[in-house]
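Lettered A, B, C and D in written order, each chain numbered from 1.
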């Protein structure tokens, strides 16, 4: 049996390393920043080991849940707020994802961030993020979860704006923060709504209430939608997706860890964690499903035309997250409509979504690390200035290729299994979404291999003088990539799905289903197309662009979403509308009040300050006269 | 006529009042400091007198006197340091001319 | 139960209580005052004599046998001097200063145990009383400096206060070690506690105490407040007569007091084998005082900033460490076994060497390597001098033989040799030789008159050199004085030939029959 | 013995009051300071009468030996003696307040009946030390704090006074 302290230690270790780095190493050993790297890695490594222990314990535990005591956090009057950790299958899987990816990424960062002036700061933030993320995963009450939710938000802000001297980085950080804040607002509102109606923050109790129908329909719906809005914000789903591509201004390992593997997946995790609640409200879960599907395809389309490798990856991340949402939603809809019996359905949905999250974490992280490695060599992210890196950096190429195949869902790589699962479920329960999913499969394969061919195939298109300067990245960067590549191949073979309660799939038996073939064919087609266009140039990209000019502009301008937000929402409605009103109010009423008070004070003090003669003796005199007065009072009335 | 507690208390009262007058009326900062010392000594006398006549068993009275002495020493050290530095900067220790802290 | 108290108890049977208490107290007081007076006079005498010996001189030895009445003579001289008060002086302060300086020093003796039970008042705060009282003296000295309205005196006063305040701290701290071992403030108890004299258990404390005490009583090398070269004679520049005597007295009383305290605290007071207590006590006191004199006659005066630095950077930390070590030992070995002294000596030596290593030589601190060795050498030298014979010449009884070619006073003239050639008169550059001759019957010229005005003589000896017939010699006589100018004009009757008086000047062949020149006093009759 | 104490008390009290008045009313600050010292000294005598012998010693050591000397030193560093020891504008009110205070205190002292215990305390050093340093119901903490306070005061004084 695993003691609770271990679970807490998993959370606290990274915080500890954060504290050590920022309060001891940065101030005192700043001349030897590598120490901070070691500290961070040591701490996260330890938590990885502990997480593995937790996983084993969970597997052994009956019902895959470890009972953990709650601690009273604070008591307001007689209502006490308890916080605690839940270690169940879902949490355990997430723990493994977070710790392992984080560990690998930080090892990688040793190479990538080498010589950066903010080296220590970087690792401090990374540790802080990892700690918050682990806390988010393990939290068992909404308050606690929200705490860490904001924590990871903060870390993502800090890390996107890590190179704050670059104005666009700073802008991107602010943008990310504000956009996610919109979602978080919904989340917070939902939490408060739930507390108002149930009087508890504990997720388990909330689920029981929800399933028992004790929670009123509309309340439940609105709460669920609110929570989902939070998820939308974090996972950059459809309306709030705009921050993630810009977030690529941060260091690439950050993108790999936060904006591909873990934090953005937090939204999915949240939905999965609250799945029973979603599943018991049709409207909510339908929203989830639709948003997921729309996001999947719509992000993919934008991914088609980006020239910045990281942006392509960013869009693919969005679309993959949409995918997961779609999977959750599809099953959830079925459960809500009663087409699927309850607890199996719940299990299944979580399994489907989280399984893909699990695989996606690895290959997407790997893709980002690959991009980082490429950037390390070429110093740019623009694919038009790359090409021909296959020879220069074979390791990067191979790992990147594996990741691409995996994300494209090629059998028997990891991506295939989870994707196939989602397709199957959506096919059964939500045909329309299934169509979207299929298209997305094709698009995914296409843009991923567009990237592969543009980056590694053909000739080097960068400045010729540094073509010979191209070099493979150092071992400390290659090693994590290789490990991730192994995971990207093999993570699908792990029985995560059954562990989470979904169906198992036999290794070859999967090929029997037509679904699998459909997706495989589509993916293969996409790959071929990409090969034709970008490697062999049978079809010129130019002509295509001209052919689909309107679409191209639509995609490349990202559906004018940024402009929409910037100009319409922010400028027109907020700044010129609402804020103007506020400003007037502020000017007239508030300032008037304040100035009035201040004026009065000034006038009064002009008189009163005469008392302050600065003569110490006068004050002393006053004191003793006061004493005498008191004594006199005692004599008279005492 | 034996000497009792009241005698000492009244003595300390007189001493205290003299010190009080000096502290309030004098203009030379050092004299004010000296008057404060007088007051402290008056307090010491009454403390010891109380110890002697009211509670000889427990030494609290004397302990307090010791602490008063410590405080007096500290106070004098810092006070004189302040006075001297004021004198350095303003060429006077007349408290009526040292009124930078007025309005 | 001191002797005094016993006496009082005994008297209570016969007299009314107030008398029974008052009279013995007065008697004891008077006895103590007498002791102090005598001791102080003796100290003054000893100081002059012994420092003399340290410097291979004889001290004053004329007044009375061995000059023992010298201090009395000084006292009388001082007392009959006029008492001068500067016009612009603050008369009031000027008047009280010597008294306030003197009485604290005297009051210290109230708690000094002269012997078993022989103590004026065995206060149970004895040593605290001593420290407190001796800190009052500074005010008197400062009053003197202020009152005499003389900037040198004022500077001396400032120096005194700075010095006393600074050195009081290591003094008290070093006493603290003793108190920890003795476990009492009462002098009696402290003496009783010294089965092993505390300078063995507290070597470092003793050294610190000794130095600090020497500075407290302004003995050299810490006598900055009367540095003649800098501030005329310090705070008592403007004092004369009785008041000066009081200051002088106070200084020696203080020295005596601190010697007694040192003897009491560290040397086991009156306790030692066979001889009765008081005698041992005085022996120890004199020992301490002699060491003080030894230091004074050896070490040069330190500079004022060095003085402060020495107090604050060297003595103070060492005293703290010593206190700490003693307290630790008190916890570990509460009984303070005798063998602890080896440990403590080792610690003391180690600490002194190490700590002085903290002060680089070019800086203002002391460095053991340089100054320590220098001081040790100097002390050793003066100590050797103590046993050397004094080189002072007791003039009237004792004379030095001048050089053989000494060109002394007056001339030696052989009339029968002289042929009256007047060569000497011609040779004299100041022409003070007045010689008249006449024709003689049996030989050529006879000297009628030969007068020399030695008031103007250069003793150049040209006359002797000029004499062709070896009739004229210089003499080795050097002690001739007269009250009247005329007496300096000498005639030939006074030049009558005296072979033992003549000098070998210009006649080298005479040298070997003359006694050798003596430079130092002849060994035996040096007193 | 008793009569001796009485006599001593009256003499000392007279000297104390006289010296205190001198401190306040003398024109020459230096003289005032000297009288302050005298006052301290006599107060030590009062302590002796009250059989607080240790405090008497401490009084002399601290007030006469340290504080008095410091004050004299300060007087000399700030050459204000020519200006003398003038009274400020508040002279009269200060006098009134002082007198009122004196009257109130005397009234209070006289009007209260103190439960005086007869016993004469024996020499106090050891018990005082017990009270100061014993861990249980002692003043060790206060003692340490006082030490810290002194250290702070010393450092503060040095920082204040030394030329930049």
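Here are a few things to note about the model shown:
What we mean here is this: a contact is a pair of C-beta atoms (placed from the backbone, for glycine too) under 8 Å apart; a residue touches a chain by one contact, two chains touch by 3 or more.
The model shown is predicted, which means the values in this text are computed figures rather than measured ones.
Counting only chains that touch, the fewest steps needed to get from subunit A to subunit C is 2. Chain pair with the larger contact count among C-D and A-B is C-D, by C-beta pairs in contact. Using CA-based centroids throughout, the chain positioned farthest away from subunit A is C.
In whole angstrom, the spacing between the mean C-alpha positions of subunit C and subunit D is 41. For the pair subunit A and subunit B, the distance between mean C-alpha positions equals 68 Å.
If you average the CA atoms of subunit B and of subunit D, the two centres end up 6 Å from each other.
Taking each chain's centre as the mean of its C-alpha atoms, subunit A lies 72 Å from subunit D.
Of all residues in subunit C, none touches two or more other chains.
Under the contact definition stated at the top, the residues of subunit A that touch 2 or more other chains are 617, 621, 624.
Residue positions 20, 24-25, 95-96 of subunit B each touch two or more of the other chains. Applying the touch definition to every pair of chains gives A-B, A-D, B-D, C-D. On the subunit B side of its complex with subunit D, the touching residues are 1-11, 13-22, 24-28, 30-31, 33-35, 37-38, 41, 44-45, 48-49, 51-60, 62-63, 65-67, 69-78, 80-85, 87, 92-96. Considering their complex, residues 2, 5-6, 9, 13, 16-17, 20-21, 23-24, 29, 32-33, 36, 39-40, 43, 46-47, 49-52, 54-55, 58-59, 62-63, 66-67, 70-71, 73-75, 77-78, 80, 83, 85-91, 93-95, 97-99, 101-102, 105-106, 109-110, 114-117, 119-121, 124, 127-128, 130-132, 139, 142, 146, 149-150, 152-154, 156-158, 160-161 of subunit D touch subunit B. Contacts from subunit A toward subunit D in the complex involve residues 617-618, 621, 624-625, 627-628, 631-632. Those residues of subunit B whose C-beta lies close enough to touch subunit A in the complex are 20, 23-25, 32, 95-96, 98-103.
Those residues of subunit D lying in contact with subunit C across their complex are 1, 3-4, 28, 30-31, 34, 37, 41, 53-54, 56-61, 64-66, 68-69, 72-73, 76, 123, 125.
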